[in-house]
Every structure is written in structure tokens, then in C-alpha cells.
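Below are structures written as C-alpha cells.
Common to both upcoming complexes is subunit A, partnered first by subunit B, then by subunit C.
Showing the complex of A and B:
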């Protein structure tokens, strides 16, 4: 177990290094001179050169990368000249918003996806199942920004009950969470249904039924324990991805989170922020991957870590 | 011939017997795999629209119509003349939607091909040669799967400068990881089969075995995956254009049309619904086709 954890940890660190290198190369390849962006278009060339030198941008790429990683390890994510703030502060302002929205969306996904999946499995190949499958297909195929706009137009504007966008309290979270939840729940529905169909066909369920366990109890106490496993794994990965920022939903609802920050910084070629947001998102995914693997082995003793 | 004797009144000639038989089989197929048929039809319609957009469209998608705006300068709602109304610049929305289908398919297809090529290459090498090669490739694959996908694609497109080509290159370059995994697992299961071992013992070279014996067995999962991937890529392209990093105005793409219409959703909701519903239907089509093909072609999914 210990050696497995250590190996996974090393693997996680390697993945993060790889991601930092690729982000760095993309940032380097991008058009536009960061020094020129900082001082403005009117500044004389000598000032630009001085800034470039001060920032170490005139050094070879590998050296720049080493300096970048060195600063990262000290917890210094750089400085956003566009916002005139240290990147850590910028992220700090928005991380709370994104975490709230991510949790909101995640909860809607789970509340809709898991029961609908179980329901679909119970009515497998009956009309209710077909209707649900079609709805989940629509959910999977629905672009978030189209659904978000539809909600803004028909609920926020049409009914006039919820704010059109922005952040601040529960009321601002409802529509974006529904947007995330409805487009994201379909995957849970499919996953849950196929795993429940499989579990319900197993011998131990038949045995439980034969022993006269009430049908409802067979589902809640026997089938669901195993049927939930794939959904649990996916839920862990899913929340990690949501924490990394939900670019489209945040953009549609003008919600000040990490995703919107990432998008704006790409638009402004604000590289310290781009690299920080990408890295942050990757850290969430890598950590979740790691935790899910460990938790999984605890829930399911059949899986041995080696 | 027996059939002819049995139903002479229904089928005067042998030719129509095979025809009814064929019709019957087709009906059976439609009933058994409705998603292949419906998804396939949607995709087919989309391909036709994309190919013949200039013929179908009555108006130039880029040119504002002289009577395209009302006297107050507002977009015209859907009417007999402009089926899906006009946009804020007085251009015909229907023509723009048709040409948008072109961009969507182009990006979806070519991005899919790029991911397929990279994924197939790495998946085959990884699965066939195994050992440390496999380990390195699979770690890289894990890494790519851990990427915040949309952010990476947006960043790469921004770095390369936004254009249709760069959109499909960026999607393709980051989208191959799932493909590599699928192909690798397929290769792993095929390479131990007797006929591959036989080819090996007859002295066939590694690449010969890969191309002649292994790759044909990978075709089914690849087709299924490609259908699903094209659907996803179409959605991604729309997302990129929506964010302003994809197809640049005035050229139409469903994503940038929705973005342009966003500020006018009360005044002119058709600006969002026309491209939005097209996007939804196209994605449903490819997803249905992919799911249906899986049911039909993949024996592992029990029917």
C-alpha cells in the first residue's frame, strides 16, 4: 500500500511537471511581447528592453523555465500586469466563487443523475427508460452556453425571478448551477443505469430476492452499494474538473470565477494568469485522481493496490 | 422460388420478392437499431447541407441585405422571405446557419482525423511493443487526460492566432488520449491471438503484422469513437467560436452566431435559437450514430 502511494505520488508530480512545461511552451510561442504589453505601446524601446531584462525574458527558454519553477515552488505564481495584482491574490478572490458554483452544479448533477439512472435501470427497456435515455442524450448533446442563454431568457428574464448574472448569494448560484447540472447529469444517468443493470443481473441479487427481501430493500441495501461505485469514481473526477473553473457557464452568466478569469487572461495574453489557472485546474484533477484511487480501494476491498 | 409460389398475387415477379425481402430486412434493422438510422440520417442531412450550402442558400451569408433591417434598424423576425430572420447587420440567418454547418463539419472531421492519427500511432506502438515504450506513452496519455482540455485548446488557439485551421489542429492535438487508450487495449487483445502469433512465427516484420493483421481489427472501435468524437469536436468548435477564439466574424460559425446574438436575446431570440438548435441537433445526430454503431457493431455490449 505504502509503496503504491509513493509511486502514485511520484507519477502525479511528473504529470504536473509535464503540464507546466507544455503551458510554458505555449506561452512562449504566443504572439505579442509581454514586456511591450506591460509598458504600453507608446513607451520607448529602451524601456521595453529594460523591463524585459528585469523580468529575465531575455534569457534562454530553459533558464526561464527553471526560474519559473523555482518561483512556483516558493508559492509565487507571478504578477498580473493586466490586473496589477499578484496572481495568487487574483486567484484567491475568485476561487471561492468557483468552488460555490462547482458545488452547486455538482449537487444538481448528482440529485438528477443518480436517481434517474436507478429509475432507468428498474424500467430497463420499457417506455420510461426510452424516454429517460432520450432526455439524457439531449442533455449530453446540449451545449452549456445555449442552455444557459435559454435559462437567462426564459427564467431570469421571462419570469423575472432570478438575477441575470454576476455573483452574490444563493440566488445568483441557482441558474448557473442548473445549467451545469442539467448538461452534466446525463453522464451520471448513463453510468448509473448501466452499472445498476449489470448489478441487478448478478446472482447475489437473485438470491436476495429469492429469500424474500422486499424489492425496495434489494435496491437500496444490496444493488445500490455496488451499483454506485462507478458513479463515485466519476463524481470525484467531476468535482475536481469543476473546481478548475467552468469557463463557458461563468462566461454566459458573467460569473466572476476562475474560468472567467482564465478566459479573460487568454484574451489579454496575460501569461502569468493563464499559466496559473491551467496549472491550478490540473492540480485539482491530479489530486482527485490520486484520492479517488485510494478511496476506491477502501470502499471496494476486491481491488488490491499493486 | 418457394416464396413466389406461396404468394403469387402479391408478387408477380421474382425480382420484387427479393425487393420485399430486402425491405423487410431494412425495416427489421430500423426497428432494432433506430439510433443508427436516425443519427445516420441527421449526419447525412448535415453533410448534404455542408456540401451544397452555396446552392441551398438564397442569400450571401456575409452580405447585409438592403432590406435586411427594419426601418428602426432592428433585425427582421423570421418571415417568408427570410426563413430564420435576419441578424443585427441585416444578414440572412438561414444562409449563415447553412454555412455554419460547413465550418462545424470541417472542424469536427479534421480534428477527429488528427486525434485518430496521433492516437492510433501511439496506441498501436504502445500496445504492440509493450515494456517501457508502453509505460512512457501511457504516462503521457494520462498527462494529456489530466489537462484542463478547454483551457488548453483555447490557449493554443490564442497562441497560434484564431482561425478554422488552428481550431481543428488544437482540438486534434489535445484530443487523442482517449483514442490511444482504446486502440492500445484493442491491440493488446489481438496480438496474442493465434493467427498473429502464426504470422510472427512465419517471420513477418513488426510493421507488417501491425498493418496487415492488427489494424483491421481496430477498425470497429475506431469508427464508433470517431462518430462520437466528431460530435464532441463540433460542440468544442462552437464553444471556441463562442468565446471568440474560433471562427472570426464576419465568417459564420454556430458558436460566434450565438455569441453575436447574446446581447439581443429579448429583441431577436431567433439569433440564438437558429444556430443553437442546429448545434444541438447536429451533436445529437453524431452521438446517436456513435451509440447506435456501438450497439450494432460491438459484440461486447450485449443486446
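Showing the complex of A and C:
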């Protein structure tokens, strides 16, 4: 177990290192001059050059990268040109918001998707299953901005019961969470359904029935754990992505999270912030993968972590 | 050998719904078992023996249409509600399956699985349940039962898993055990141990055993009576001794000829030519007629009835019918 964790940690460092190089090169290759952006279009060339020198942007790329990594190791993610604030501070302000929203959306997805998947498996190839599959197809195909705006128009504005957007308290989380949940739950529903259909055809399910286990207990006690694995894998990737920033939903609901920050930073070529958000998303993916592996070994005793 | 039968199946017909209509898998099977008796149900794969065994506890999928009657202690199981049949499953009637690997749940501990029938049919405390599980594991010859109870199926060998399966089946001391190819997936030496175990448990509990197999050797060793099935019908039945010594049906003769002999001069095995007919395309007359070397005109047009040819033996064949008539 200990050696497994160490191996995973080394792997994580390598992955993050690679991602930092790639984002750094992409940022460098992107058109636009950060120094010019900071001082404005009318500033004289000498000022632009001075700013460029101060930021270290006149040095060769490898040297810039080494400086970047050096600062990173000290916990310094750089300085946002656009917001005039350290990146760590910017992220700190918004990370909590995004984590709340991500968890909210994720929970709605799970609460809807997993039971509906099990339900679909039980009614496989019957009317209820076809209706459900159609509805989940609608959910999966509906763009976040359409459904989100529809909720804003009809629920927040029309009924006037929930805030139109922004952050601050549970009431602000409800509509964006529902938006995320409804558009994202279909994946869980599909995964859970197909794996439950497969599990319900297994010999050990027949065994359980042959020993007098009633249908409900067959599902909860004998089938569900076996059927959960694909959904767990997806849930891990999903929450990692959500933590990394839900760009569309945050933009639609004007929700001050990482996704909205990333979007604004891309518009303003605010490279230190862009790189920080990408790296943060990568950290979440690595961590989520690790947690998924541990959850796997808890659910299925045949999988061991060594 | 008398008294009321424990299990009495009569004129059992099973068909499966498919895109093109109903496919007939079992066509009028009758058989009965007395308490404590061992009966072998033999035949090739696809002859309907497994379907018959699954139908007893109504374990077939919903697409199956079951007709006829299956009486257990006089009660027709086919007429019962699902919740009432459930009271029999794993309680008075137990079943063990061919693949001990796939028939056990990979994510549940052995103890959880064996205690499941107890939880369903007996009122017991956790403590009593645990003690009973350990006792059951010991009774099926599992070493270190306390420890094995906490393990998962993948940590055990095939033979051990089948013992676990048997322990589970024995949990509520059933009056009837249906064993569907219980040794097919096991090594030969382990096969003998498992058969031995079944015999011991059977004698101890006066339990009837319906043994479904394609292995005539197993039948000879275990059973008092044998029922030979072909393409969804019983072709011959009788006590093992008479059927093996003096088989009447050409199919039974063919089956016996395809077993290698261990004594005497070695001869080439004689296979039965041709294949089992498909469910969609059953012959009109005797279902064995297309493969039968002795088939006559009547065999192709009319199905022979199951008639008594000798003491304790019945056969469904026009040839035997004629022999009796003469």
C-alpha cells in the first residue's frame, strides 16, 4: 500500500511537470504581447520594453520556464496583469465558490443518474425504459446555456423565487446545480443502466434468486455494488472536471468561480492566470484518479492496490 | 420404494418467446422423485435438462411460458404467486450450479452469501447465523471455516467454491436438492470428492437429489433412477441398473456406446451421427428419427408414446413398442 502511494505520487509529479511545460509553451506561442496589453496601446515602445524586462519576458524561453517553476515550488503562481492581484489570491477568492457549485451539480447528477440507471435496467426494453432513455437523451443534448437561461427566465425571473445569478449562499447554488445536474446526469444513467443490465444477467444474480432473495434486495445487496464500477470511474473524472471550473454554467449564471476566471483570463490574455487554472484542473484530475482507484478496491475485493 | 412423491412433474412444456414466435424447449416432460431418492437427468447440451431444472423453482426468465404441473409435496408450484415460490427457494428446495466461479457473488464475503438463505427463511440473531455458517462450512469439509467465512470467492479454488455453494444450499436443510452439472467445471479428483460429499449429506438429511448431468459415469455412481432426455422429451427412464444393462432406446444405446470402456479390449468409440435438432425446426415424429439408424416410416410421422417395456423401465420408441406387442 505504501509503495503504491509513493509510485502514484511520483507519477503525479511527472504528469503535472509535463502539463506545466505544455501550457507554458502554448502560452508563449499564443499571439499577443502581454507587456503591450498591460501598458496599453498608446504607451511608447520604451515603456513596453521596460515592462517586458521587469516581467522577465525578454529572456529565452527555457530560462523563463525555470524561473516559473522555481516560483511555483515556492507556492507563487505569478501575478495577474489584468486584475492587478497575485494569482494565488485570485484563485483563493474563487476556488471555494467553484467547489460548492461543482459539488452541488455533481450531487444532482448522482441523485438523478444512478437511480434512473438502475430503474432503466429493471425495465430494460419496456416502455418506461424507452421513455427514460429519450428524456436522458434530451438532457444530454441540451446545451448548458439553453437550459440555464431557460431556468433564469422561468424560475428566477418568472417565479421570482431564486436569485438570477452571482454567488452567496445556498439559494444561489440551486439553479446552476440543477443546470449542471440535468445536463450531466444522462451519462450516469446510461453507464449505470448498461452495467446493471449486464450484472442482472450474471449467474450470481440467479443464485441469489434461487435462494429466495426478493427482487429489491437482489438489486441493493447483490447487484448494485457490482454495477457501480463504471459509474465510479466516470464520477471521479467528472468531479475533477467540475472542480477545474464549470466555464459555461458559471458564465451563464455570472457565478464568480474558477471557470469564469479562466474565461475572462483567456479573453484578456492574462497568461499567469490561464496557466494556473490549467494546472489546478490537472491537479484535480490526478487526485480524483487516485481516489477512484482507492474506491475501486473498496467496492471490488478482487482489485488490490499493489 | 413407495409412498407419495416429493416432487412430481407432469407434462411440463416450456417455450421461449422469440421474434418469430414461441420456441419449444421442453415438450411434455414428466418425472417424479420420492423423499431421499437420487434421480439423474441426462442428455446432451440443449436437450432441455437445465431448463427443466430451472423451471422447478420458477427461475426462468419472464420470456418463458411454462405449462403442465410441478407439484412439490402435493402443492403446484406453477400456480403459486412469486412471493410464495420464494418461500421454497433455498428453503425446502435448494439448487447448486455448474460454475462455482460465476455462481458466487464476487463482491460479497463467503459468510454473507451462505447466511443469505438463513436471513431469508430463518429467524436468527447475527451470532447464531455466524455459528451456523461456520458449522455449515465445516460440514462440507472446508478447513479453517472461521477464516474462510471472511474471505471472498476469488480467494478460493474451484472445488472449495463448489463446497461453499453446497454449504449455502444445505443452510436450511432442504428436502430436495437440484444439482445442475455440479462437477462439470471441476478437476476429476475434485469431482469425486464433491460427489462423495453430496452422497454423505444426502444420507444424513434424507434429502432427495435431482442430478442434472451429461456424464453417464456420474449417473452410474450416484443415482438410483435415470431419465434420459432428447430434444425436450423424455426418451427413456428407469432404474439405473436396467437402463445401463439393457438400454431400449437407440439414443440411450448411442450414449452408452460413446463412453470409453476401461476394461476389456479397446474399441473405437461410436459417436451418434448428426446433430441435435434446433428448437425452431423440430422433426414431426420421433425427434431422434433423423439420427436414428433404425428409423422406420412411422418414426418420421408420429411421436412414440412413453410406454412400459420392462419392470421399472419406460421408453418412448416405436421399435420397443413393437417388440412388446410381439
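Keep this in mind: the second predicted complex is superposed on the first by the 293 of 306 C-alpha atoms of A that agree within 3 Å, B and C clash if a C-alpha of one lies under 4 Å from a C-alpha of the other, contacts with A are read in each partner's own complex, and residues count from 1 in each chain.
Keep this in mind: a residue touches a chain if its C-beta (ideal position, glycine included) is under 8 Å from a C-beta of that chain, and two chains touch if they have at least 3 such contacts.
Everything numeric in this text was worked out from a predicted model, so none of it was measured.
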Overlay on subunit A: subunit C relative to subunit B, clash or fit: fit
Touching partner for A:30 - first (subunit B), second (subunit C), both, neither: first
First (subunit B), second (subunit C), both or neither touched by A:262: first
Residue contacts on subunit A - larger count, subunit B or subunit C: B
First, second, both or neither for A:116, with subunit B first and subunit C second: neither
Touching partner for A:208 - first (subunit B), second (subunit C), both, neither: second
First, second, both or neither for A:175, with subunit B first and subunit C second: neither
Touched partner set for A:226, first subunit B, second subunit C, both or neither: second
Partner chain in contact with A:242 - subunit B first, subunit C second, else both or neither: neither
Subunit B versus subunit C as contact partner of A:142, first or second or both or neither: first
Per-pair minimum CA distance [subunit C against subunit B, superposed on A] in Å: 11
Residues of subunit A contacting subunit B in one complex and subunit C in the other: none
Residue numbers on subunit C that touch subunit A, as the complex places them: 57, 59, 83, 86-91, 94-95, 97, 99, 102-108, 116-117, 120-121, 152, 154, 165, 168
Subunit A to subunit B touching residues, read off their complex: 11, 14-15, 18-19, 22-23, 26-27, 29-31, 137-138, 140-146, 149-150, 152-153, 157, 241, 244-245, 247-248, 251-252, 262-263, 266-267, 269, 274, 277-278, 281-282, 285-286, 289
Of all residues in subunit B, those that touch subunit A in their complex: 139-140, 142-143, 146-148, 150-152, 154-156, 158-161, 231, 235, 238-239, 242-245, 258, 262, 265-266, 269, 272, 276, 279-280, 283-284, 287-288, 291
Of subunit A, residues touching subunit C in the complex: 202-204, 206-214, 221-222, 225-226, 299-302
